[in-house]
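Structures for review follow.
Two complexes are shown next, each including chain A; its partner changes from chain B in the first to chain C in the second.
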Partner chain A sequence: MAIISRGFHGRRPAPGRNLPPGQYEVHDFPVLSAGPTPHVTHDEWEFTLTTETSARHTWDWAELMALPAETPTVDLHCVTKWSKFGTHWEGVSLDTLLADVETAADFALVHSYGGYTTNLPLADLLDGQAWIAHRYDGEELAPEHGGPARLLVPHLYLWKSAKWVRGIELLLDDEPGFWEGLGYHSYGDPWREQRYQGD
Partner chain B sequence: MDTDRTSAQGTYEEYETAYEDGNTLGGPLSEIFAVDLTAAVGRCAGCGATGPLARLRVYDRAPGLVARCPDCSRVVLRLVRGPDTAWLDLQGAASLAIPLGGRG
Partner chain C sequence: MFDVPGWPAHLAGQHVDVRLTAEDGYSTQRSYSVASAPDGDRVELTIQRVADGEVSPYLMDVMEPGDRVELRGPIGGWFVWRPEQAEPVLLVGGGSGIVPLMSMVRTRGAVGGHAPFRLLYSVREPDDRLYAPELLRGEPGLDTEYLYTRAAPPEHPRPVGRLTAEDLVRGGWPADRRPMCYVCGPTGFVENAATLLTALGHDPDRIRTERFGPSGG
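Up next is the complex of A and B:
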């Protein structure tokens, strides 16, 4: 007998539109930033993967554009409690960029133009979970949303999806990024509500 | 890669509405300190510029407050307010001179 489940299910959003705990839905795209917006031209732009042995793999804009692109549609969850469903992106999978990179690293520290950093386990960049995104909603990615290119790693809180990405350091030991070094959770899983250290 | 460098890469176009002035720090800091720190004179660890905290550019549409030097844009002060802990980072402030208003 379904005595207790009806009311509970009746309040749930449609499948695929579930909100993580403590979040609310927005329909606009709020712009969050910890500093002035860097304006990097395609000519200046470079992306560098650095391994734990200091081996460097660099792509310029033309080289990034020459790689196969994917078009993920994903939900975004910001630690400031807004979530945005069904956002459309185009970008290069980190699986593609890391395919020829030899590393024994378990951790990654992401660097942005402007000085921002964020850390995450290398495993969370692999297996179709992360992209270097350069188009949003069919347009070139605007500077206020992280253009020319940003990291997109939507299964973690959005502060991990570093705007204006310029490189990723692969590390043997975890190193806290800009917010992780000041109270925010090292991993940041929205479904486990890992906002702050100790959550 | 240099994680401390905040302004050496790329060029910036300032959005006038993107930050607030340093008086924005008054409320959040008053929760932690008994004196008004917006009048305190700080020295930027990056470029050495001095000025009251009220002169900093505060980016508050973010997971925390980020106060940057108006001269070199480096981070001078950061504040994160969790449910039961506040985290304050003053790494970018070489010193703070705090007026105590005639006490003593």
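Up next is the complex of A and C:
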């Protein structure tokens, strides 16, 4: 039962803005991360998909750039309560990267330069729901926002959209990532307000 | 200061979610760092007023002692200091980024901890210092240095300006002492401090950051 905050009126989202519960709209692009920003050059960058049979599929920067790019415009919802509407990205769909990958896995563990990890069901990376994004708002993706490339899975809280992505491990069993092992929700659907374990 | 019946002891550095609900059911939430050391059911938050914010002006101007509020936590298990940690600690705070660091300082004091702490606290000018009497009083094993970015007291030895590598060499620990470094403040401050610490040879795994700004607060 909610406690009514005496004298609190609050702000309602602007008309047409569809805010998940407990979120508020921002117009800047806040940065949150648990440690220093890794600085990875295009020459060093590599992205590896590893299946449950240890088969590896690797792309370097030039190979990623050679794949067809999409330009999704999406809303972002961060577990720290801010939402940002209508952000413009460019990246390669996970459908493209996973097209020739043989797997029976149901889960994915995403790995980043710097050691960050996050987990999600493989199904959430498919069907036009996820990208390896390398441009934001018409520019190369800045390091503090995850450049050279980050995962973009906008239908889940933003901690799932791992910055500085370097690979995805496909797994038969779910394995918690960094925040998921520190009390945050395993799935993280903003519309069901799955912020923390038990939500 | 909130009394939270049944509050599980928090760790220094953790935060809480505060939820406000209007009479028509509309509700909104914000996160605030806990400033206090664990102390039974009592939780102290330090809240920076955001001039056109939705929540902070309510908490500071409308809410009165005795009012109830929904508070959830403690949250966050990474940007924390535990009393059993024995290694030297460097705290680097910018502006209101001091708040979770203050909880670490207070927790160390409350348990009589011996881990050596160094605090570098960057503020624009002397009036912006939070907890000034408490930090000036100090305690054994805690070295505090203020870094002023816009205006310093007349006798202050350091020229005004943003945090530099020299500040971290003078006021921090050599990387080979393997200190744990906690950096908290606005994004630009944290980016700068964490990059400098990495360049000075600190292991990125021993640099923990928390970034926040006045976004919407």
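Everything below uses one rule, namely that the second predicted complex is superposed on the first by the 183 of 199 C-alpha atoms of A that agree within 3 Å, B and C clash if a C-alpha of one lies under 4 Å from a C-alpha of the other, contacts with A are read in each partner's own complex, and residues count from 1 in each chain.
One rule holds in what follows: contacts are C-beta pairs under 8 Å (C-beta built on N, C-alpha and C of every residue); 3 or more make two chains touch, one makes a residue touch a chain.
Everything quoted here is computed from the prediction, not taken from an experiment.
Trainee: Touching A:Tyr24, do we find chain B (first), chain C (second), both, or neither?
Mentor: After superposing on A, A:Tyr24 lies in contact with chain C but is clear of chain B.
Trainee: Looking at A:Gly183 after the superposition, I want to know if it touches chain B, chain C, both of them or none. Which is it: first, second, both, neither?
Mentor: After superposition on chain A, A:Gly183 lies in contact with both partners, chain B and chain C.
Trainee: Who does A:Thr80 touch here: chain B (first), chain C (second), both, or neither?
Mentor: both
Trainee: After superposition on the shared chain, which partner residues are touched by A:Ala99: those of chain B (first), chain C (second), both, or neither?
Mentor: It touches nothing on chain B or chain C.
Trainee: Output check: A:Glu169 vs chain B and chain C. Expected answer is one of first, second, both, neither. What do you get?
Mentor: A:Glu169: touches chain B, not chain C.
Trainee: For chain A, what residues appear in both contact lists, the one with chain B and the one with chain C?
Mentor: 30-38, 80, 114-115, 144, 179, 182-183, 195-196
Trainee: Quick one: which bits of chain B touch chain A in the complex? Just the residue numbers, please.
Mentor: Residues in contact with chain A: 1, 3-7, 9-15, 18-19, 59, 61-64, 66, 68, 73, 75, 78, 80, 82-83, 85, 87, 89.
Trainee: Inside the complex, what are the residues of chain A that reach chain C?
Mentor: For chain A paired with chain C, touching residues are 2-12, 21-22, 24-26, 28, 30-38, 80-82, 114-115, 144, 178-179, 182-183, 195-196.
Trainee: Within the complex, which stretch of chain C touches chain A?
Mentor: 17, 19-23, 25-31, 54, 58, 62-63, 67-70, 75-79, 187, 191, 194-195, 197-198, 204-205, 207-209, 211-213, 215-216
Trainee: Residue numbers of chain A touching chain B in their complex, please.
Mentor: So the residues of chain A touching chain B come out as 30-40, 44, 50, 79-80, 109, 111, 113-115, 117, 143-144, 159, 164, 166-167, 169, 179, 181-184, 195-196.
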